[in-house]
Amino acid sequence: MIERAALVYLDYAASTPVDSRVAKAMTALMTVDGNFANPSSTHAAGRRSVEHIAHAAGQLAALLNTDADRLIWTSGATESDNLAILGGAHFRQERGRHLITMRTEHKAVVDPFNVLEKQGFEVTWLDPETDGVLDIAKLEAALRQDTQLVSIMHVNNETGVVQDIEQIGTVCRARDVLLHVDAAQSVGKLPIDLEALPVDLMSMTAHKVYGPKGIGALYIADRPGVHVDPLLFGGGQQQRLRPGTLPVQQIVAFGMTAEIARSRMSDDLEHLRAMHNRFWSGIRDLPGVLVNGCIETGFPGILNVSIEDIEGESLLLALEPLCVATGSACNSQIQEPSYVLRALGRSDALAQSAIRFSFGRPTRIEHVDFAIDRYRSAIEKLRRIAPERVQ
Amino acid sequence: MIERAALVYLDYAASTPVDSRVAKAMTALMTVDGNFANPSSTHAAGRRSVEHIAHAAGQLAALLNTDADRLIWTSGATESDNLAILGGAHFRQERGRHLITMRTEHKAVVDPFNVLEKQGFEVTWLDPETDGVLDIAKLEAALRQDTQLVSIMHVNNETGVVQDIEQIGTVCRARDVLLHVDAAQSVGKLPIDLEALPVDLMSMTAHKVYGPKGIGALYIADRPGVHVDPLLFGGGQQQRLRPGTLPVQQIVAFGMTAEIARSRMSDDLEHLRAMHNRFWSGIRDLPGVLVNGCIETGFPGILNVSIEDIEGESLLLALEPLCVATGSACNSQIQEPSYVLRALGRSDALAQSAIRFSFGRPTRIEHVDFAIDRYRSAIEKLRRIAPERVQ
Amino acid sequence: MSGDPYSERVRQLFEAPRHAGSLGGALSATLEDQGVRIRLAAEIADGEMRTLRFQAWGCPHVIAVAEAFCADYEGKSVSTLLEFSVSDLMQSLSVPVEKTGRILVIEDAVRSLGNIVRDASNPDD
Amino acid sequence: MSGDPYSERVRQLFEAPRHAGSLGGALSATLEDQGVRIRLAAEIADGEMRTLRFQAWGCPHVIAVAEAFCADYEGKSVSTLLEFSVSDLMQSLSVPVEKTGRILVIEDAVRSLGNIVRDASNPDD
């Protein structure tokens, strides 16, 4: 039983709690009896910090089946996306000034591309099909002689839609075009094998997978021509690609997080599928309910549903104490309909009614049942209050 | 008594341990029963995260006597320096393309200026006097009609030299030139009153003052014409100046760190002075020992000494298990003499023999005495081994 | 990043909108604009509003303001409808200014109800 | 950011350089180059080096290599001096290649000692 006053969190796509073992290790490391030395220091304490970082890089590399020295630590996926896109496009500008991405990307991808457009790069913005998935033929048609970089995310943060990265990468590689993948929502959750995948740059972040906020990484493939210009300067850290004192405790946490994720990935997925299915079974019969994305092929940690003739902001408030996300970008008091859902062909009204439910390791059946109950009663209440449409 | 095998850490200018209360609060916040929600989320859990951040901003603002909304969170002083210098110079390029800084700045300041030089900005690099302090007349002489930005650090990380920020700021303000101050080594250690100081931009970082690595801030004064262009794009966080999910646990830690620093600043300073004086008394009689900087006016947490006719790398190894810093930039196996000490007029050889001892809250008399003993015996040993100079 | 967009009062009114509903056979006005749909209904007796009910499709502030209006104006004289302005309610409920546009739809609906009531009571006009 | 630049062996040799010192009245060679200063001294008997001593001003690798040389060559025939090459020692002590320049000063000093020894034993040349 869930107490009414307590919050029920179903927003694991926004952020996750740090695994308690990870938090413990962080504390042990960063306090006075730990290993708090600056890894740039050459003394013995500094070298121990370096070893901790190397170990963590190994853990993350093992999760992704790549080499530890292909990973650059950043402050999160936002910075990784910027470094990959701004840094990648600048590094390769001799190769061409045409870039391709999708309309359903995260803001941390969209905005750097907007900046590049202002700098004279040309960007093709591909629309997905109505299920959110990219039609590979559209990508092929968009590729040009001067295309140098494609950026397409793995799992969409709003809808859970999964793109076929392997297929996309194969098309790019055949044309000597770099592929950047924003994998903030998939690293540690879906299998990713960077030995096998034709991916050149990949962004990730710890806080979506039970690690701390403020630490991410960028994978840079070990292939000729794959490189980025740095965005920050100073100090010689990380092959000059990303200076600044390395936050040892954050990196160690990301490493542990990766190792834990690796060991329990299939259990996690099974759990998410169970929660997802239970929730969907509990609401699918509601009149006017529509899935944004695809129930069968999407990432099971995320379920985004719109509902006809319901106002999204009121829905969200009626759902309290459930903590879920709207389909809207929530940076102002007046909520804009999500551009991601608009790109899937949803009307403004349907996009505005969208709620993203996202599940995580701590999610229990009681939470899901509470959410079903809340969602149904909120819809019922708001429909009751609403007047007939004016004819 | 110090065990010989245990490391003795006197490198608090490189990094500090996290206060155990701070570490505890971080863990409580970021784990499952804490407040791990994304502060960008509009639901109740997200709003609690926002409140935590607001509280932390208030704590840091109180330390600096400024308003919380003047502070932009970054990943550390390196990023803050880049944002202030690259972002500030770009934002004000209509005002002029001439910039002024010092040769003794940290790499995180030097390197962005090097980048700006390549972009067609002109940079005047001021040399300090032999005590490390800037002669204000030199700054006045360097200011031009088209000077738009001056960047001068507060406390030097290698020498502890303290610049007179108030005087420098007054000169800049009279000419409508922005002043950026890298205060990574002074925030929380020396009194800073941003209401009173004519400073426009100030960089800081938590890990030099018993907070975690990987969190910093940039102060941006609330004056017309003071602003920076962002370096990263995506998401609407922090007035679009610095996007990315705000790392709540890191920010809360920085806030607590600031509050603790504020309450014990004078005790801390007194302690550092005691350690500093004891150490200096213990080694000052050594033939050929020379202070880099100034014993009387410098920040007492740092003591940088050169010694005649001693090779620095061997000295450092002979000092083990003491963890201290060389005057050298330590990014390659062959150590370069520190450019900071060279700018103070030290010869390559003297610069190369420099050791930075830096003290902190956990430093005890035993540590200092151990360091004195080690330093004296290392010098004695290396002098014994060395041949006479070839005539 | 933002604080709570809803005041305590807005939360209460939204949570339990006691005046939500319709009134069979009463006078009513319906308006749709700014993405807001609102229907107000009044039972009148002796020039007073005995009962007020609303139906609304809109954000929580719209629902809260509609509820607050009904609660405040039940028992008042019908003439007050024509002078109704949302600004007092917006202030007392701390409605963000960005929402002024949609809240004004309620004002329009109230005025419109006022006109309907007036027309109904002066059938000879 | 870097790992330990010193191998265990270098640390041992540097920590306890048993052959550091001078030999009164012995043959010796002194060299200064590349920021390194080195003096080697040898007591010779029957064409063998009975005792070898070094003095050095330089980085830990310089001191360790000088110590290792003395330890290895005591007891050997003086003729070995002229064929001495640092490359084996550099490898066995894991001296980073960047330091080759300064370590070669030791090689030069050893050769120079070899010449002095040879000249001293063939005074008629």
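Each chain carries a letter (A, B, C and D) given by its place in the written order, and its residues are counted from 1.
Operating definition for what follows: contacts are C-beta pairs under 8 Å (C-beta built on N, C-alpha and C of every residue); 3 or more make two chains touch, one makes a residue touch a chain.
These numbers come from a predicted model, not from an experiment.
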Which of A-C and A-D has more C-beta pairs touching across its chains: A-C
Most remote chain, CA-based centroid, reference being subunit C: D
Mean-CA-position distance for subunit D and subunit C (Å): 98
Subunit A and subunit C, separation of their C-alpha mean positions in angstrom: 43
Subunit A-subunit B separation of Cα centroids, rounded to whole Å: 34
Gap in Å, rounded to a whole number, between the CA centres of subunit D and subunit A: 59
Residue numbers of subunit C (touch at least two other chains): 1-2, 5
Residues of subunit A touching at least two other chains: 40, 42, 44, 236, 246, 330-331
Inter-chain touch pairs (all): A-B, A-C, A-D, B-C, B-D
Footprint of subunit D on subunit A - complex, ascending: 39-40, 42, 44, 47, 50-51, 53, 236-238, 246
For the subunit B and subunit A complex, residues of the former touching the latter: 7, 9, 11, 14-20, 23-24, 26-27, 30-32, 34, 36-38, 40-46, 75-79, 81-82, 86, 106-112, 114-115, 205, 207, 212-215, 231-236, 243-250, 316, 320-326, 329-331, 362
Parts of subunit C lying in touch with subunit A, wherever the complex brings them together: 1-2, 5-6, 11, 14, 17, 20, 22, 30-32, 35, 37-39, 55-60, 63, 96, 98-99
Contact set on subunit D toward subunit A in their complex: 1-5
For the subunit A and subunit C complex, residues of the former touching the latter: 309, 311, 313-314, 317-318, 330-334, 349, 382, 384-390
